[in-house]
């Protein structure tokens, strides 16, 4: 661990929606911290508020109560410091892969040749060299997600937020991308906060697994995952960790 | 790809051939007076005459000018109004009911009052073409902006886009296909409306030419002019569709976002 | 409620400005009249019966042309979608004729039918014909192939297939086409009545314009809009009755 101060602090964050159907408590008193360089997974069933929490972390949503601090400063709005990858890749369909990756750089007024150089570099990082000039509709789902990761990384974010990014992909592509994101994380050492509803995915990826439960959404516990990488999903240690996580989920559900 | 274009041209050609055949057959069977139904050949000759007539070219030019002017003003007024309707709930509540109401007052209905207001002056014609194109452009622009996927906007925000950049670099490109469809429709409405206006109250223009020809019992010229009118309308539509196909190839998949 | 009153804001401002300008400036008055006079003109023509006569004549022409077109275009569109030979023979001809705006047909229509009902019905017919044809064709050609395959397990008769699958599936498209066609028909009869007519709403409007009676013209414009709206509303209402809901869901 490098710095002692956590890069992200979530303090007592709550989110309440007022609708015609009544008030919905999406999140209740969520608190945890993330250390710089950590790969942390938010795990929970649908409706437990994990995506809401992620959007609050990004600054896209304002919490009703509590606050999120990044490097000690309160998060108020979306910023390239908090890059995000969505479940549906959300690539700009009218831009090629390279142009998508360049978007953040354009916002920062990076000069053109430099932009193109950086974009190419990032596309190579995510393993898509040669596909720079393809449009999203010409790429497979998995490839689009890689571009989405490259696009978020273009701004050298302090934190990369990923909202069930591999959920819409088939099992094989998912496994491949899990390996890829681990590799990218190891190469860039970006802090990653990864939302998932799959226990195995959380155990494959995360250093720490924050277990959440729903209605109202809240954090139940955090489980440390010290399995050495690369992680073998068939090993008995992996199975043991999964069992620990499952029982935590079970426990969360019952409270 | 190319073979389907050849098929398209082929069917167009077949259409003309069959049309001519049926036409000639009708003349042979019903023996109408030439003034009622001229033969295809006479019509073709009239077409050639039109092609060589400066006056006819001037008429076509005037009609096109009237359409272009009204269309241009419709773009300049319609797109901003569409943007305002999409972005400001206040603007929408104030203006939308009125605009929707005017949908039922078709451009044709404005022709008499425009002739009363503007007489034979060009501004009257441009008013009609503007009116015809304005609403569809404004509404299509609004619709295009409103169907922009929110996730794209969120993504752009996390990439550092401010509100001006959001409009220019996310909303407008995402809405562009629908906006351009609006332009295509607006142009064709403007074309139809100017013809109508010229039938009623004009001393020049291809619509006027057609009416004049019929008045003087030159049905061959009238039919030839109709062919020209159809061809121009067709080409305008085609030009836009080609533009749409080229520039909006990315739009083809309806679920660009899975 | 607040939204409703906001929506009235703009029309009220415009009408007020109109009234003011029209009432205060004689020159302007001759051109735009005042809202009050438009209402008076409207009421007067309603009272004298002229309004009803005009509307009746125009409606007759519009509905006549529209109905004729419906009867021709709907079956033809469906047939063209299902019978390739027919499509290949007639399709190209129609594709050549379609870009020629019905408005462009008006001079020839007058030449052929004079200034009576015939030319108006003809023009309205052309307008409605293509609209309905395209919609019917579209609907009939996008029938789920799985449905058609399923039917073959019941009957191999093409007629039965047509009656029980093709027709109901195409019905929605035909109805849509009929609705658009109706709106176009009403617009078409108006323009047809501008040129070469001596009766009908369109004729009355142009006549008033030539006599420099803006109040009359505008009263007629309002009539056109109202009738257009009513036609649409009545049509939609009929579709939504038990018959419509039963077959269209």
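Residue numbering begins at 1 within each chain, and the chains themselves are lettered A, B and C in the order written.
Note that a residue touches a chain if its C-beta (ideal position, glycine included) is under 8 Å from a C-beta of that chain, and two chains touch if they have at least 3 such contacts.
This structure is a prediction, so every number in the text was calculated from the model and none was measured.
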{"item": "Chain with minimal offset from the mean of all protein Cα atoms", "value": "B"}
{"item": "Chain pair with more C-beta contacts, B-C versus A-B", "value": "B-C"}
{"item": "Distance from the mean Cα position of chain C to that of chain A, given in whole angstrom", "value": "55"}
{"item": "Interchain centroid distance [CA atoms averaged], chain A/chain B, Å", "value": "48"}
{"item": "Separation of mean Cα positions, chain C and chain B [Å, integer]", "value": "19"}
{"item": "Chain C residues touching chain B - in the complex, by the definition given at the top", "value": "3, 6-11, 14, 31-32, 88-97, 99-101, 103-108, 110-112, 187, 190-191, 194-195, 205-206, 208-209, 212, 214, 217-218, 220-221, 224-225, 228-229"}
{"item": "Contacting residues of chain A [partner chain B, same complex]", "value": "55, 58-60, 77-80, 82-84, 86, 88-94, 103-104, 106-108, 135-137, 141, 144, 151-152, 154-155, 161, 168"}
{"item": "Sites on chain B touched by chain C in the complex", "value": "11-16, 18-19, 22, 35-36, 90, 93-98, 101, 104-106, 108-113, 115-117, 191-192, 195-196, 199-200, 207, 210-211, 213-215, 217, 219, 222-223, 225-227, 229-231, 233-234, 237"}
{"item": "Parts of chain B lying in touch with chain A, wherever the complex brings them together", "value": "149, 151-152, 154-162, 165, 169-170, 173-174, 176, 248-253, 256-258"}
